[in-house]
Each structure stands twice: as structure tokens, then as C-alpha cells.
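Next, two complexes with chain A in common: one pairs it with chain B, the other with chain C.
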Partner chain A sequence: MNTNTPLRQSILQALLADRLPSFSSAQLSDDRICLGAGGLEVGSMALLQAFVNLETILGFTFDDGPVANAKLTTLGDFIGLVEREVAAHRNRGPQP
Partner chain B sequence: MSDAAQPGMLPAAWYNILADLPFELPPDIQPPGGSAGAVKMQLPLALVRQSTSKQREIPIPEEILRHYRQWRVTPLKRASALEERLGTKARIYYKYEGNNASGSHKLSTGIAQAYYYATAGARRLTTGTGAGQWGTALAIGCQAFGLDCKVYMVGSSFRQKPYRKTIMQMYGANVVASPSPDTSAGARLLESGSVDSSNIAFAVTEAMEDALQSEDTLLSVGSGEAYSILHCTVIGLEARAQLAALGEKADVVLASLGAGSNFGGMAFPFLQDRLRHDDPVRCISIEPAACPKLTRGAYCYDYTDSSGVTALQKMYTLGSRFKPPGMHAGGLRYHACSKIISALYHHGYIEAQSYGQRDVFSSAAVFAELEGIVPAPESAHAVHGAIQEALRAKAEGTAPVIVFCLSGHGLFDLSAYDEYLSGRMGNAIVTDEDLLESLKYLPSI
Partner chain C sequence: MSWALHHVARAATHREEAPAPVVILLHGWGMYHGHLFGMTQHFDRRLDVVSPRAPVRMGPGAYRWFNFVRTPSDGPNIDHDEEVTSLAELIRFIEQVIEDRAVPGVWLVGHSQGGTMALSVCVRRPDLVLGCANVNGRLLDKAWNTTQGRAALNGKPFFNGHGLHNPIVPLPLGRSTCARIESLGAWIETREYPIGHEINDEILVDVSDWLSTQLDAHPKTSTSRLIDQAATQG
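== the complex of A and B ==
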């Protein structure tokens, strides 16, 4: 997996913001690292804020359903969800 | 529209003061850790967006407007008999929010939050409530949008106001006194024997634990968060348009302050005139001397609940372990206030006053006699503040337009009025020693 794509960088920036420099590149390229305790130490509100931050970057809004129903344990879970939503948005085409 | 609200017409959009703040809000600090397993989403994305958006007008969905129309537009009335009794040339108006099933302003966010949670797929909401207005409002909202509802009600209010429980149950809610045996935090406190049954922050802690342990359940809070204040701005938007239709413009706007939904909902639409157009309108928050966060609290980072798991916000606070002396305005017991209102106070855009309980009830009794509405103990603080402003105007020989939010009725609070009438009510002023003790436990940032 290419761990340095622009989308991944945007996701990490939206997720960690000012805390980004406190993690090593090895940690940030490891999809298995936990989002919560013992990993990136990201709580529920920070994760939600990351989705909203990404909306500004990506130019579309996330639906609550996939976000609320996702089991987000690791960084890979989060990136995978965002990638699926980006793909779904592309498939839907331009919004009215 | 925030600038174009028509008198007698429901606003089509809420007013978002974040668009007009002339300063940056201090960022929240997330506590380190998070959960060890999957991270559970606690809030609909729409409410997260509303908490950070810089869009001045946030359109109100038609599904919410349909419910608002049951009781909105609420009346703006002139308190002519009160003016006459005071012998003041001030013109006193009040915006009455007690004319709905919840009896208070809280229904404007109760309906909105239930809609957004239901739309996001929640099946059940939990919440903490002090005096019960918020719990009732959320129960009504949940029933309207098909959600189950569990309310953790501050124990002292639960016992003082048994009919609050009844009305919440009428709207389908499961209501328990906090601390309760239903959560591990509550059970531990009950077992320890050192039960504090007046702590709204602990009721929120129990509601949060319940939500975290149930798959389809989310926590809802009634005040303090930017979105709950946003939803209540329909109050100030309507009042501003109603005054304009009378050829009046507010000089002084007052509302009681708990965590912020009432004060912000009433004052922010007026405050935008000051922020955008340098209008000299004065917005004054009235708080109880038993819980004086703006007038005697510290402006620093603190937790919004008592368990220390929520994000730290910079706000005026008395410390999340603060225990107010016995008081009847349960909705004003919260230890801190909204970070937006705190920052506005810190930067000098709003004023704050605090008053003792007996003095407040004295004004409420006069208002009930002259204007025919028994104010809720929380709302009575605004009544008292308005009377003080009118008397000040009389002494200074001025004739300002004073408008305040009468945020709810007091018909569930007659035990409090009974205590007032019996002469047993004290002013319930917190001591410096108690404040210092509570502030000792502020997190070090």
C-alpha cells in the first residue's frame, strides 16, 4: 500500500492537526495503529471533527449512516472508510 | 433570516454568532486516550458542523419548523403594570417562552436535537437534567421523532418536583434520580454514602456512561454547546423583529444564565448588532449568587462533566466538582458556561450580574402579581435583573428599552414559592472558601 498519497496526508492532517509532528513516520504509515488509547489517542469528538475538516478539503459532506455504523478501531479503518466514501461520491457524480 | 426576521413569522434560519466573533475561540483540548476499542461516534455530523461553521445563517429544516409552529412565534409583551409599579420611564418587554408543553425555552433545541439524532440513525438518547425543563424538552423531541429517551434527573429536583417526572413519562421518557443505581458511577456513589444529589455535571456523567455502553444510544446535552445555543436563537430573532415592528430597539437585553442556551438564544441575535454595526446594546447575563461562574469564576480550561472524560474547554468555571448551596433554580446549577459566552464576557462584549435567591423570588412574586405569569425560578433571575435595570434608569432619569427572556413558567416549582412565602428562604450565596476549595481541582493545563 502506498502510505504517502495526498489523500492519506489530508486524512492524517485532519485527524491529528497540531499533534501530527509528535508521531513518527513509521507510526503514521502503520494502518494497524489504534485510533484510541495506546495509539493515536483520538477520541470520539476529535474523530467527528476530522470528518468535518475533511469535508472542507474534499468538497462533499459525509452521510451520518456510514460514519455512525463504522467500527473504527485502527487508522486503517478510518482511512478505509474515507476512501470508500470518496469513491462513492465520485460514482454518484456531481450533486445538484 | 437573521437580519430579515419578520414580526409574527417564524425565522427560516438560526443565527450563528461564530460568523461574527471578532476573536478566535481557544481550541478544545481532547483528553488523551480515547477508548481502547472501536471509537464510538457520539454526535450527528450535522451538530458537529453547526459547532464550527462560520456561516451566519443556518437554515432550519422543514421537519423542525413543522414542530416549531406548534408554539412559535412566542409572544413579546410589554410589562406595563410592572413599569407603573416601579415608577420608571423605562419600557420593559419580555419574551415569553413558557407557552409549550415543556414549559420553557428548551424545546427549541430539544426538537432540533432529536431530529438530527434520529436522522443520523440513533434509536435512543440519554441526557442529564437539572430542574427538568431540558429533560422534558428532550422527551418531547424524542417522541416526535420516534426515539427512546432516558433522563437522569438531579436527585434533589427529582424529589422537589415530582410532576416533572410525570410529564417526562407522559412523553415516553424513562426518568431516574441521579445518582442512580443504573450506572456504575451512580452505584459507586450511592454505595459510598457520600451522595451529592444536586450535581448536574454528575447527572450528565451517568447519561454519558449509559450512552457509551449501549450500541444504539447517544448522549444529548441541552445547553452550553454551540449547537444548542444556535437552535435557541429563534428566540432572540423573533424578539428583535417584534420590537422593530413596534418601532422599538433594545437598549438592554437580559436573560438568566445556566450553561448558555437561554442567554445565548436571547442575546446573540441582538449582540450581532453590536458585533457587526457597533450598536451600543448591552447584553446582561443574570446568574444566581449560589452559582456565580461569570462574576466569581475563573476563565480557564475545565471539564464539561464531572468524570473528566470530556474535552477540556476554556470557559468561566467554578470547577467541575463545585457543589452549589441549596437553591431552587436547578437549571442554573451547572458549574461552568458556554465557551462562546465565556469568551464574549472575557473580551468585554457582554455583562454579568448575580443575585441572591430570596431577592430573585421577591421580584418574581411582584411579576406574578402584576403580569399574571408565575416565573420559573431560573427565569425569575432575568425578571429581577430587569427590575434592577429599570430602577437604575429611574435613578438616572433615563428611559431605555429593556427586554428580557421569561424563559419558562414556574408551575412545577410551587414548593420553591412555598418556601419563599413561608419566610424560610435564604439568599444562598456561595462562600469564598467553597469556591477556592472547588477551584483547587481544576485541571492543570
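== the complex of A and C ==
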């Protein structure tokens, strides 16, 4: 798996912001690392802010349902959700 | 019609009367219109269910009626400007639902901040409300102060569920809310649960049963005004 795609870098930047340099490349390439306590230490409000940051970076808004109903435990869960939503947005084409 | 609030709706599947009574679900802070909507599939089939989304977007799947800052002893300190704006939009939305469905009023079910908004609607515009179920919300002091001394809720049925270990809206605020609503003339049923601030299936079953009881007790509530109007015009 390519763990250094531009999208992944954007996701990590949106998720960790100023704290990004404090994590090793091994940690940031491990999809199994926990988002919360004992892992990346990202709380629920910081996670929500990451989605908002990504909306600015990616240029579209996430739908409510997939984000609200997602079970986001690990970094891989978060990246997977964002990747699916990016793909869904592309498939829908430009919005009016 | 241009609705005041984005929403989802589920039509009654068991119609005893037309139009069907309407229940409006009001979600809490940081949730969205799909939250309570998805948890209320078991609600009485005689009800049209409408679930609006709070107007202030925090992010995808997360909206609020107003912002607040927690205080250790006095409960949340709220953003009054956001509350005023959201309440006006919610009242407009309820008016639109009543006009669109041709019902004389709606049933309100709210959790947390949604319960607080429901109670604000009840005391500001009791004419729009047939009854209300509040779970872990509270009556704001400013709403209470505008209605104090007026029996605005005469005979209206209320359900109040509150968590015994609620860290967001402490139990004393829940109990004082009940006392205030009752003092305004409401007929209130109270339950306290061994939970925190959340809403769960057990509470929603109680709310559902309470709603069904109200519909059984007042089967013509939603159409009585229309019948009266027809008789007058006829």
C-alpha cells in the first residue's frame, strides 16, 4: 500500500496540524494506530475540525450521514472514510 | 415551499384520521437530523415524523441550535444571539409544518439542546404545540422569565426524562425545569434514569409509549380544529 499519497498527506495534515512533526513516519504509516487515547490523541472535536479542514482542502462538503454514522477508531478508519467520500464526490460530478 | 430548516420526514403508515398527527424531533448539540430520526423507527405508526436539522453547522453530521460554554455549577452558559436566531427559525419551521400538514399543532420530542429548544417553543408559542417530550434538556432562564406568572401550558401533556448522573445538564436543573413547566399548568410525567446525558432505546420506548397514550386519549386532537372550522363554514 502506498502510504505517502498526496491525499493521505492532506488527511494527516488536517488531522494533526501543528502536532504532525511530533509523530514518526512509522506511526503515520500505520493504519492500525488509534485515533484517540494511546494513539494519535485526537479527540472528537479535533476530529470534527479535521473534517472541516479537509472540506477546505478538498473543495467539497462531506455528507452528514456517512460521517455521523461512521465508526472511527483507527487512522485507517478515518482515511478509508475520507477516500470513500472523495470517490463518491468524484462520481457525482460537479454540483450546481 | 421554502422550508426554514433542512429536514427529513416519514409519513404515517397507519392512518386513523386525516391529516395524521405530526411529531417533530429535535436533535441535540453536535448531532444531526438523522440521529433521532433513525432511533424512532418504532414510534406510533399513526404519526407523521419530521426531523429538522439545527441551523448552525459545526461540521459534517454535527450541528447546533446554539453554542455554549460549560460552567461547573450553573450549567451551560449559552450564546444568546445564536439561540434567538435558531428559535425564530424553528418556530417558523413549525408554522410551515402546521400549514403544510393542515394540523392545529405538533408534538415535540427533543434531546439535550433539542429538548431545550422544544421547551422554549412551548413557552413562547404554546399555540403551536400539542405536547412535548424533553429528554435531558432544560428550560432556559430567559424563556422562563418571559412567561413567569402566566399559565401558558394549561392542560398540555409533557414528558420529562432526565439522567441521574447528567454531567451536562445537572439533575437539579432537570428537576427545576419540571417544576417550572408544571407551574405553567402543564400535565407532566417525569422519569429519571440511571444514565448521563445520552438518549437511549429505553428512554425512547418510554417516549413512544407516552406519545401513543396521548394519541389514544385524544384521538381527534389533530383534526378537531379543522372539524370545528368546517362546521362553522358549513
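The rule we apply is simple: the second predicted complex is superposed on the first by the 96 of 96 C-alpha atoms of A that agree within 3 Å, B and C clash if a C-alpha of one lies under 4 Å from a C-alpha of the other, contacts with A are read in each partner's own complex, and residues count from 1 in each chain.
Here is the rule we use: contacts are C-beta pairs under 8 Å (C-beta built on N, C-alpha and C of every residue); 3 or more make two chains touch, one makes a residue touch a chain.
Being a predicted model, the structure only gives us computed values, none of them experimental.
With chain A as the common reference, the superposed partners chain B and chain C clash. In the superposed model, A:F62 lies in contact with both chain B and chain C.
Once the two complexes are laid over each other on the shared chain, residue contacts for A:F51 go to chain B and to chain C alike. Of the two partner chains, neither chain B nor chain C is touched by A:A26. The partner that reaches more residues of chain A, of the two candidates chain B and chain C, is B.
Using the contact criterion defined above for the overlaid structures, shared-chain residue A:A37 touches chain B, although it does not reach chain C. Two complexes overlaid on chain A leave one chain C stretch from 41-49, 131-139 or 203-211 clashing with chain B, and it is 131-139.
Residues 48-49, 51-52, 55, 61-62, 64-65, 67-69 of chain A touch chain B in one complex and chain C in the other.
Contact residues of chain B toward chain A in the complex are 28, 30-46, 48-49, 52, 119-122, 311.
Across the interface of their complex, chain A is touched by residues 30-35, 53, 58-62 of chain C.
Within the complex formed with chain B, the residues of chain A that make contact are 34-38, 40-49, 51-52, 55, 61-62, 64-65, 67-69, 71-73, 77. Of all residues in chain A, only 48-49, 51-52, 55, 61-69 touch chain C in the complex they form.
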